[in-house]
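Each chain carries a letter (A, B, C, D, E and F) given by its place in the written order, and its residues are counted from 1.
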Amino acid sequence: MLSASTRDLLKQVSTATLATALFKRGLRNQFIQDVRPLNFKGENMVGPAYTLRYMPAREDLNPISVFLDRAHPQRKAVEECPEGAVFVVDSRKDARAASAGSILVTRLMVRGVAGIVTDGGFRDSPEIGELAIPSYHHRPAAPTNLTVHQAIDINVPIGCGDAPVFPGDIIVGDGEGVIVIPAHLADEIAAEAREMTAFEDFVTEKVREGRSILGLYPATDEQTKIDFAAWRAAKNR
Amino acid sequence: MLSASTRDLLKQVSTATLATALFKRGLRNQFIQDVRPLNFKGENMVGPAYTLRYMPAREDLNPISVFLDRAHPQRKAVEECPEGAVFVVDSRKDARAASAGSILVTRLMVRGVAGIVTDGGFRDSPEIGELAIPSYHHRPAAPTNLTVHQAIDINVPIGCGDAPVFPGDIIVGDGEGVIVIPAHLADEIAAEAREMTAFEDFVTEKVREGRSILGLYPATDEQTKIDFAAWRAAKNR
Amino acid sequence: MLSASTRDLLKQVSTATLATALFKRGLRNQFIQDVRPLNFKGENMVGPAYTLRYMPAREDLNPISVFLDRAHPQRKAVEECPEGAVFVVDSRKDARAASAGSILVTRLMVRGVAGIVTDGGFRDSPEIGELAIPSYHHRPAAPTNLTVHQAIDINVPIGCGDAPVFPGDIIVGDGEGVIVIPAHLADEIAAEAREMTAFEDFVTEKVREGRSILGLYPATDEQTKIDFAAWRAAKNR
Amino acid sequence: MLSASTRDLLKQVSTATLATALFKRGLRNQFIQDVRPLNFKGENMVGPAYTLRYMPAREDLNPISVFLDRAHPQRKAVEECPEGAVFVVDSRKDARAASAGSILVTRLMVRGVAGIVTDGGFRDSPEIGELAIPSYHHRPAAPTNLTVHQAIDINVPIGCGDAPVFPGDIIVGDGEGVIVIPAHLADEIAAEAREMTAFEDFVTEKVREGRSILGLYPATDEQTKIDFAAWRAAKNR
Amino acid sequence: MLSASTRDLLKQVSTATLATALFKRGLRNQFIQDVRPLNFKGENMVGPAYTLRYMPAREDLNPISVFLDRAHPQRKAVEECPEGAVFVVDSRKDARAASAGSILVTRLMVRGVAGIVTDGGFRDSPEIGELAIPSYHHRPAAPTNLTVHQAIDINVPIGCGDAPVFPGDIIVGDGEGVIVIPAHLADEIAAEAREMTAFEDFVTEKVREGRSILGLYPATDEQTKIDFAAWRAAKNR
Amino acid sequence: MLSASTRDLLKQVSTATLATALFKRGLRNQFIQDVRPLNFKGENMVGPAYTLRYMPAREDLNPISVFLDRAHPQRKAVEECPEGAVFVVDSRKDARAASAGSILVTRLMVRGVAGIVTDGGFRDSPEIGELAIPSYHHRPAAPTNLTVHQAIDINVPIGCGDAPVFPGDIIVGDGEGVIVIPAHLADEIAAEAREMTAFEDFVTEKVREGRSILGLYPATDEQTKIDFAAWRAAKNR
């Protein structure tokens, strides 16, 4: 369960800061590699993972007519992904064909889904970039998913961009990319990231003022800690 | 021959829609993989393919002085590519050196060429992105083509981004990428894509209004077909 | 030593033109492959190279606490990189983790460093893209450098994007990418590039006016040389 | 169900011949790409697929102690894979760590499993190459699977070397590689491949005798058909 | 034209030595990258290049029935490749499907062709490895060429493993790989390589006897030159 | 310092076992990725690392004449690498040109060097495979190193096949590949690997006898521990 307060905290921090908090706990592979926002709107994507797994398409099982079946996993997943969740697709890092197109992504948006990520590509990517739902992929891919991918499993553990993703893990996306926070760590990571972000904002301000990073970042000078405490008080953070 | 009406139709549809129309005919590899517009201006690139084939450069055959020869294939091709055609370059997916630069692309623009595509890279890419001619490549590449490529054949069948391209095939580029329509299919694909686009626009509107994709996309509900007919009549499409 | 006049000349020419000047001297691999500007501001990055070399990280040597050491090579390099230099990082073309983040890049900016290039990735890349210092990388990378990289050597000869970089080589970046000019050639390359740029500007103007490239580019027609001389006189170039 | 007669037929034909038989039915991606036998013993591997799916390893879930759990999917799969089946592993084409080692493969051999394939790598590969069980991988990989892989699913549809593999599909391996025959096609493909192999053997003999391939392969000359019929009669094939 | 004496010389030298002789003339990319012998028999492959160019296959143009056409370029090339030539195939470095199989390679062997090279893969590779004709590829590939490749041009300039190959260039293969000697340089390169090989054999003998490489290789010590002259006299080389 | 007893132990264990011992200590990236023995002779390569670092070659600094300089780092390193050490080369995973050839490797052999590893390729690889010195590379590479590589540093920390290598780290190679043991851990890792190897040999014997791996590997059954103790006593291990 993702609490409202943790969700709010995760809206305010960067994937870089989260990556460091995870690194401190020995988790080195939580950043989804080589995906990018189609058009970052300035607000972080945050939500629990709901997953779709693709396998390589076999031609006889993937004619265009498969979508006549309302139980087709891709369509079913789009209709069942919970409001507030992030739809994460394992496309085996293969962007030769699409993971989804603008109609399905629009449907996810209308249904209140928090975002969509694939380690493959989207078709209709210019249209998807205009939608009010965060979206991340590797690169545009016009061909229908059936060309290369067969949707096979819903909400199972997957890989996405070489990162492990379990259903319910908390997914955060910003202008840089997407990171996966194991569900049980979400609250503590969010809290820690807020603290780290306050310190980084303080450091950035001091660096802009001309201070050296030595002793400042990390705060090995005692004075840094004093200054930071004063800054927090002044900024009410 | 690309008729004016087919050209017009292809200006109004997406490479994603065209990819599906081709997929239905068993053609799965017509999307040029991993190229992108330098700066999409909002209007599709459409025209028959005119091709240039590069092979790996041998140093003794590719000093800077080769361009003193007016019959050099790269220069000859730029001067001979027909008005309205799309100049498609087989760079063997190698963007370590340029396929062309802004002067040649400007010349193509002035000569009325409809666009240029390479599965390598352009040099002077920021300038090319400003020109009023659509251009697509893999990534910027400042080194002169002679560094890696030797222009060797004009208007022969080639590969571009793993897609087969025959001279005269109809090339369409949008904000997503570039697709190759076999010449003999251009008219029927264009007509079918117009129909598909009308339906997709209808579906998008309904999805935005909150309708589920089940029964709507594809139109397995009879009501969908009725609604679409009404929509077309109302929209005059 | 980079003279002020050479620096000025290099601000006015493109990496494409420089690549050709280097090619004429037999130097084919000076363009740093597959890096791009985070947000090109319109002015070239120019400066002598100051280098940092990363090796693969061994986990026991790279806990987060290493930054408590003020002599850590990454931090030391950031504080010691000379004003006006370009900070060039050998990240072994591995962007799974960051080469640097916004705080260090801000510090470089404040210290007057001319720019930063890595063949890996930056974290906090959206923030870095806003800074008034040119920056080039392969792709965004949120994870801390310690995840994959260990800073090991300062200001030694390195590879960056398959190009050789010696400390003191002159680095030039534009909207297309980054090129490395061997230190001893900087003055003559800059002078030659200015001449080439004048000619290219002339050619571009003529091509826009409708002239064929044959005889014009290169100037195999005697008339071209005459026209160019007149153009230079008129333009005072 | 794989009948004994089909198994026998598949022991006598090559993956190349099977690939052509599948191609004729529109199945183009059934060859497992980029795996090779550790030490082909001269007899084809044949059996129905039993699958194991790996996902990327998360460090906290994959300490060495996980193997203390007898229900760990990797170990469970090794004990439950049916006699006569081929154990097929989806390692996401990642050979940085092992898919299995010699002890598990020995156990599979002793249990009567027909072979093992991974699109990653084996550890103890020299020992595995000595075992009397066919084995195929991408390349040797000494690190324990936990380093990169987490076993997550048993006997679900997977991808292996970009080929789709459904449990029960018939897997055939020879000195060249491994191919996947959809279960429902196994009998007819086997029968057709036997016929094709007879013809190919005839053709090879004729070509060795000096005959041109034109008219012979394929048999567009009427005489070829007559000769082949005679050859079959003489050879009792 | 490849003279008998040059052919004989090229049988006795290595691709490594030839690569150095070419490097001295500024030719750096003549080694065909990433191909290997299927089963080196101890004697170099030597002959002029006869080329076949593949482009990406379009499905409608590449049904299995295309081979019914005796003029199909692949079959035509196999029948027309001159005796003594090396058949070099441009497969765009794509080994997902075969460049050729054992029947065609057997035909080439019977016809007296000197060898075959592809930067893709062969099917029936175990059988090809047994034939008395040198063969080189990237890796085994069971699927028929039609799956991915369409033969399109015979005996045109091509790329093979990133090396430029012109018809008539002299191709040499040894246990290490394959190199391309521009036709006009074949005699002088062969003569120089013979001299280099004599010296390398002398050096190897001396190194085995315990001499340092300094002063020996290259022969910067005057004594080395004296010793080499004596060695040549004694060895009659 | 590598003691004789540790060296002896490391001769008797596999890189797979060592990888697990390192994994238990949190070291996951010590296996040199994607290198293979040229011709494994049955005895492990063991010795402390002596390193050579290559950077990309700049053409003007790398004519064939550089070897006239006896202080050239490649030649110097070959003459100075200590007896018993393993010569490890950082070739930036680039096998387009050689890291070394047979003459230099012969010299290393004669000088008593324990082995050589590169993440690039060797030239004269068939000859090197015949030498009585263990050698590992990615793939054969006939072109002289000067084509792509410039030797720049001797005995500094490097990367090799994505693994960190510090001078003095203990390098072990077997029929599978090569692993890097941090110097300070060599004794304890060797001792632990001997124990693990005894247990694995026991387990292999039992598995061959038909025992299930459950309870046996790892030894979660008490009986397994008892049996192993008896086996060790009987085998005197």
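Before moving on, here are some points about what is shown:
Note that a residue touches a chain if its C-beta (ideal position, glycine included) is under 8 Å from a C-beta of that chain, and two chains touch if they have at least 3 such contacts.
Predicted model, so just to flag it, every value in this text is computed and none were measured.
If you take chain D and chain F together, the chains in touch with both are E. Among the other chains, D has the CA centre that is most remote from the centre of chain C. Of all chains, the one whose CA centroid is most distant from that of chain F is B. At the chain B-chain E interface, residue numbers used by both copies make up over half of all numbers present, so the two copies contact each other through mostly the same positions.
Put simply, the C-alpha centre of chain E and that of chain F have 31 angstrom between them. With centres set at the average Cα position, the gap from chain A to chain D is 37 Å.
Chain B and chain F have CA centres that are 49 Å apart. Taken residue by residue, chain E touches two or more other chains at 28, whereas all remaining positions touch fewer. By the document's touch criterion, interfaces exist between A-B, A-C, A-D, B-C, B-E, C-F, D-E, D-F, E-F. Across the interface of their complex, chain E is touched by residues 14-16, 18-20, 23-24, 28, 31, 33-34, 36, 40, 174-177, 179, 200, 203-204, 207-208, 210, 212-215, 217-218, 220 of chain D. Partner chain F is touched in their complex by these residues of chain C: 25-30, 55-61, 92, 94, 150, 152-153, 156-159, 162-164, 182. Across the interface of their complex, chain B is touched by residues 64, 67-68, 70, 75, 78-79, 95-96, 98, 101-104, 106-107, 110, 123-126, 139-144, 146-147 of chain A.
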